[in-house]
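Right after this note come the structures.
Common to both upcoming complexes is subunit A, partnered first by subunit B, then by subunit C.
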Partner chain A sequence: MLTTAIIAGLVLGGTYALVAMGLTLQYGIARIMNLAYGETMIAAAFAAFVLKNALGLNPMAGLLLVVPAGFAFGYAIYGVMMRPLVARAGDRSALEIDSILATFGLLFVIQGVLLVLFGSNYMSYSYLNIPVSILGANIAANRLLALGLALTIGLTLYGLLRYTRWGTAIRAVAVAPQSAVLVGIDVNRAARFAFALGGALAAAGGVVISMYQTFTATSGVTFTMKALIVVIMGGVGNLLGALSAGLILGMVETFVATYLEPGLTLAATYAIFLALLLWRPQGLFGKATR
Partner chain B sequence: MNGRLALVFAVALVALAALAFAPFYLGRYQIGLLIGLTGYVTLASAWALFSGPTRYVSLATVAFFGIGAYTVAALNEVLPYPLVLAAAAAIGLAVALVVGLSTLRLAGVYFVIFTFGLAELVRQLVTWYEVNVTGTLGRYIFMSFGPEQIYWQLLALMTITLLISWWIGRNRLGLALKVIGDDEVVATHCGIDIARTKLALFALSAVIITLVGAIQAPRWTYVEPGIVFNPTLSFLTLIMALLGGANRLWGPALGAVPLFLLFEWLSARFPDHYSIILGLLFILIVFVLPGGVAAFAERTFGQRKPDPQTYGAESALSRDTADARR
Partner chain C sequence: MLEVFDLSLRYGKHLALDGVATNIERGETVVILGANGAGKSSLLKAIAGLVKPDKGVQIKLDGNPIAGLPPHLIPSMGIALVPEGRGVFGDLTVEQNLLLGAYSSRARSGEEARRRHVYELFPKLAERRRQTVNTMSGGEQQMVAIARALMSKPDYLMLDEPSLGLAPVVVTELFETLGRVRETGVALLIVEQNVRISLSVADRGYLMEAGRIVGEGTAAALRRNSAVQRAFLGMA
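This part shows the complex of A and B:
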C-alpha cells in the first residue's frame, strides 16, 4: 500500500513537474502569465487520444507529432497575441494584467472548441496497461513510462539551459531583461522561443497525462492551477525548483487521496499554497527578490 | 457643478422609479430578463469597485456568488429569510478576509492565481461535504415570494452598490485606491495603509457579490454545486466590467446591459459555440478597447482629459512615444 502510494505519487509528481517547467519558462522568461496553459495540455491529450483511436498510432509516436505542434502553437500565439501586448505594455505589471486577460479569453476559446469537437465526457484510452511489479507493489507500465518521460524531458531541458550558450542567454533574460540587451541578446526572440518551448512542454505533459488518466474538455483549469502553485512553490523561473515542487505536490496529493479522501486533493493543494503564501511567498527554492 | 449633480441624481431617481414599477407592466419572461440584467449590473459594478482602481484582476466572482446561493439553499428551511441573507453575507465576508489577508500583501499576480482556482476549490469542498457528511447532493429552495420580489431586492442592492461606488470615488478611500493602482511605492510614502485599504474594498465587493448570489438563488428552485459554481459567470462579469470601463461609475453598467442581452441571444441561438464566441469577443475587447467604452468615448469626444488610471491610457502613451521614435 505504502510503496504503491509512493510510486503513484512520484508518477503524478513527475507529470506536474514537467508541466510546471513549461509554465515557469513562459512566466519567468517570456513574462506572460498564461491562464490557457492547462487547455493547451488538454488539447494535446485529445490529440494523443485521436491519434491512438483513429490512426492506431501509439502515444510515444504521438508525442513526436504533438510536441512540435505544441511548439508551433506557442510560437504562433506569442507572435499573434502576446507580441502586441508586450509592445504596448508600459511596465511589467501592465503586461501581467493584459496577458492574464487575453489568455483568460483564450482559455474559453480552446475549451469551447474542445467541447464542440469532443463533448464533455471523460475520455481515456488503454496503452501499456500491464502490471509491473516493483518492490512488491504492482504498478501499470504506462505510469512508469510517464515518470520516465517526465524525468527525461525535464532533466534534458535543465541540462540544455544550464550548460549551453543558448541556455545561458535564455536565463539571462529571466534574470535581467534590461541588461540582457546590453550583452547582445535578442530579448524578444528569446521570449518568443521560451513561450513556444513552454507550449511544447504543455503538449508533452498533456500526452503523458493521457497515457494513465482520464480527462475531459473542462479539466484544464485544475491543471493550470496546480502548475501555477508548483511554479510559485519552486520559485518563478527556477527549473529545478519546479521539478522538486512538482514531486512534492504529487506525493501530497496521492497520500491525501489514498489515506484521507480523494475528494480533498484540491483542498490539500490549496492548503499548501496558502501556507506557502503566508510563510515563503518567494517559493521554497526562490530568492527573496521576485 | 452642483446643479449638474442634482440633475444627474434627479434623472437617476426617475429611472429607478421607472425600473421599480416595471414589473407591473411586464410579463414573466421580461421580468426574468430584468432580474438577469440587474444582477449582472450589480456584479460588474461590485467587481469594478475593487478591481477597477487597484487593477487586481479578481477571477473569483463565481466563488462568492456560489457561496451566497448555496447558503440560501442550505439554510432556507431553517432560518427566516433576512437571517439567511445575513448568514450568506457573513460567510462571504469570512472567505474574502481569508483570501485577502493571505494574498493582498503580495504582488497582484498571487491574488489572481489564488482567485483563479477558488471557485473550483469551494465547489469541490461543498460537494465533498454534501456527499460525505449530509449524504445528499443537491437541494431545493422553496420561497413564498415570486420573481418580482427578487427583482426589487436586486434593484435595491444595485442602487446601494452604485451609491457606494459613487461615494468611494469622492472620499479619502477612493483617492487612496487610485494612488495604490498607480504606484504602490508612492502610496506607501503618502502614509496609506495599502494592505488594509485593499482588504476593505475586496471584502466589500465580495459581500455584495455574495448577496447577489443569495438573492438570485430562489430563481433556480433546485441547486447543486455544479450549477451555482459555473465559471462562466466570473468570465461574464469580468468582460462586462472591462467593456464598459472598470474605472467609471457607470462603466460596468454600460458594459453589462448590451453584453447581457447579446449573451441571452447567443446562448439561445448558438448554445454549442457560445464559449468560443465569448472568448473571441473578450480577446477583441482586451486588444481594441483596453480602457473600456467609457474611457474610449471620453477620449474620442474629449469631454474630459484621458485619465491615466485606465488599463489602456498607459499603453496609448507608450504607443505614442514609440510612434514618435519612428
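This part shows the complex of A and C:
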C-alpha cells in the first residue's frame, strides 16, 4: 500500500507541478494573475476527450494539437484582453488587480461555453488503462505516462529557461523589467510569449489529467487554486520551486487520503498553505527580498 | 555622430529639459555637468528612449532620426546606457548578465572576443563569473553594469552618475577603467557629480542648469571656467 501511495502521490504531484509551472510563468513574468487558468486546462481536457471519442485520436497525438492551440489561445487572449490593461496600468500591482478582475470574467465565459457544449456531467475516456506492476504495486499505465510527461515537459522547460540566452532574457524580464529594456529585450513581447507559454502548459496539464481522471466543466477552479498554492509554495516565477512544491502537495494529498481520510485532502492542502504563509511567505524556494 | 536638437521634456507640468542641443562624435568623451535636477539624467533617458520627449524633437544618429523609437531598439543602434543605480540583474550571475548584454542582434558577431576583452578590462569579474550579482559590492556591481553595456558592442556608451555611492578609491579605479574603454574607440557620454575626476577623462563638457545648456567647452576650458570652479570645484 505504501508503494502504491508513493507512486500515486508522485503522479498527482507531477501533474500539479506541470500545471503550476504555467501559472508561475504567467504570474511571475507577464505579471498576470490568471484566474481562468484552470478553465483553460479543463477546455484542453475536453478537447482531448473529443479528439479521442469523435476522431479516435489517442491523447498523445492529441497533445500535439492541443498544446499549440493552448499557446495560440494564450497569445490571442494576451493581445486582445491583457495588452490594453498592461498599457493602462501604471505599475505592476495595478496590473495584477486589473488582470484578476478581467480573468475572473474570462473564467465564467470559458466555463459557460463548456457547460453549453458538454453539460455538467463528469467525463472520462479510457486510455492505456492497463495495470503495470512496480515493486509489487499495481499502477495504471496512463498514470505512469502522466508522470513521465509532467517530468519531461517540466524539466525541458526548466533547462530552456536556465541555460539559453532566450530563457535568461525571460527570467530577466521577471526580476528586472526596467533593466531588461536596456539590453534590448522587448518586455511586452516577452510578457506575451510567457503568457502564451503558460497557456500551452495549461493545455498540456489538461490533457495529462484527462488521461487518468474524470473532469467536469466546473472543475477548473480547483486546479487554479491548487496551482496557485503550488506557485506560492515554490516562490513566484520559480520553476524548480513549482516542480518541488507540486510533488510535495501531491504526496501529502495522497498520503492523507490513503492513511487518514479522503475527505481531509483539501483541508490538508490548505493547512500546509497556511503554515507556509506564516512561516515562509516568500515560498519554500523564494527569496526574502521580492 | 549623435546629435540632439531642441530637446524638451516635461514630467507633468515640470519642464525637465528646455530646448537642449548637444552632440558627440564617435570616439569622443563628453561629460555633462550640473546640479541635482538640472536635467542631466533626463537627457540620457531621452536618448535611450526611456522617456518620451515633446513633439518635434530630433535625435539623430549619423544623420538618421532615432527619437521616438521604442527603448529596446536603442541598444541595437549602438547606444548603451548604464543607468543611475546600475540596473544590473541582481538575481543573475555575472556571466548571465554579460550574456544578456549581448542580447541584441548587433552584438552577436564577435561576442566571444568581446567577452574576453571585457574580462580583461575587469579581471575581478572574470574571477567571479559565476557569482550572483547582488552579493557583490557596489563598485563590482558598477563594473558588471559597464561590462554588460560593453557586451552590446556600443559606439556610444552613456553613463549616469557612475561614481554615486562608491568609495573614493573605487571611483578612481572606475575612471581608470573608463579611460581604457575610451581608448578602444567607444564614445563616452558621462553624467557625473564628481566633476574633477570626470573632467580628467573628458575631451569636452556641457554645463546644465534648470533644464538648459548654459555652457560648453573643452575639458581644460571648463576647468578654468569660473562658474564651474565656484559651483563644483570648491574654488572661490
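Things to note:
The rule is short, and it goes like this: the second predicted complex is superposed on the first by the 290 of 290 C-alpha atoms of A that agree within 3 Å, B and C clash if a C-alpha of one lies under 4 Å from a C-alpha of the other, contacts with A are read in each partner's own complex, and residues count from 1 in each chain.
Everything that follows uses one rule, which is that contacts are C-beta pairs under 8 Å (C-beta built on N, C-alpha and C of every residue); 3 or more make two chains touch, one makes a residue touch a chain.
Being a predicted model, the structure only gives us computed values, none of them experimental.
Once the two complexes are overlaid on the shared chain, A:A172 sits against subunit C while remaining clear of subunit B.
Annotation for subunit A, partner touching more residues between subunit B and subunit C: B.
Contacts of A:P68 after superposition on the shared chain: neither subunit B nor subunit C is touched. Contacts of A:G148 after superposition on the shared chain: neither subunit B nor subunit C is touched.
Judged by the touch definition given at the top, the superposed model places A:V181 against subunit C, while subunit B stays out of reach. Of all residues in subunit A, those touching subunit B in their complex are 33, 35, 81, 84-85, 87-91, 93-94, 96-98, 100-102, 104-113, 115-116, 221-222, 224-225, 228-229, 232, 261, 263-264, 266-267, 270, 273-274, 277-278, 281, 290.
The residues of subunit B lying in touch with subunit A in their complex are 55, 57, 59, 102-103, 106-110, 112-114, 116-117, 120-121, 124-125, 127-128, 131-132, 231, 235, 238, 242, 272-283, 286-287, 290, 311, 314-315, 317-319, 322. For subunit A in complex with subunit C, the residues that touch the partner chain are 165, 168-169, 171-172, 175-176, 178-187, 287.
If you check the complex, the residues on subunit C that touch subunit A are 48, 50, 70-76, 80-81, 83, 87-92, 96, 99-104, 107, 148-149, 152.
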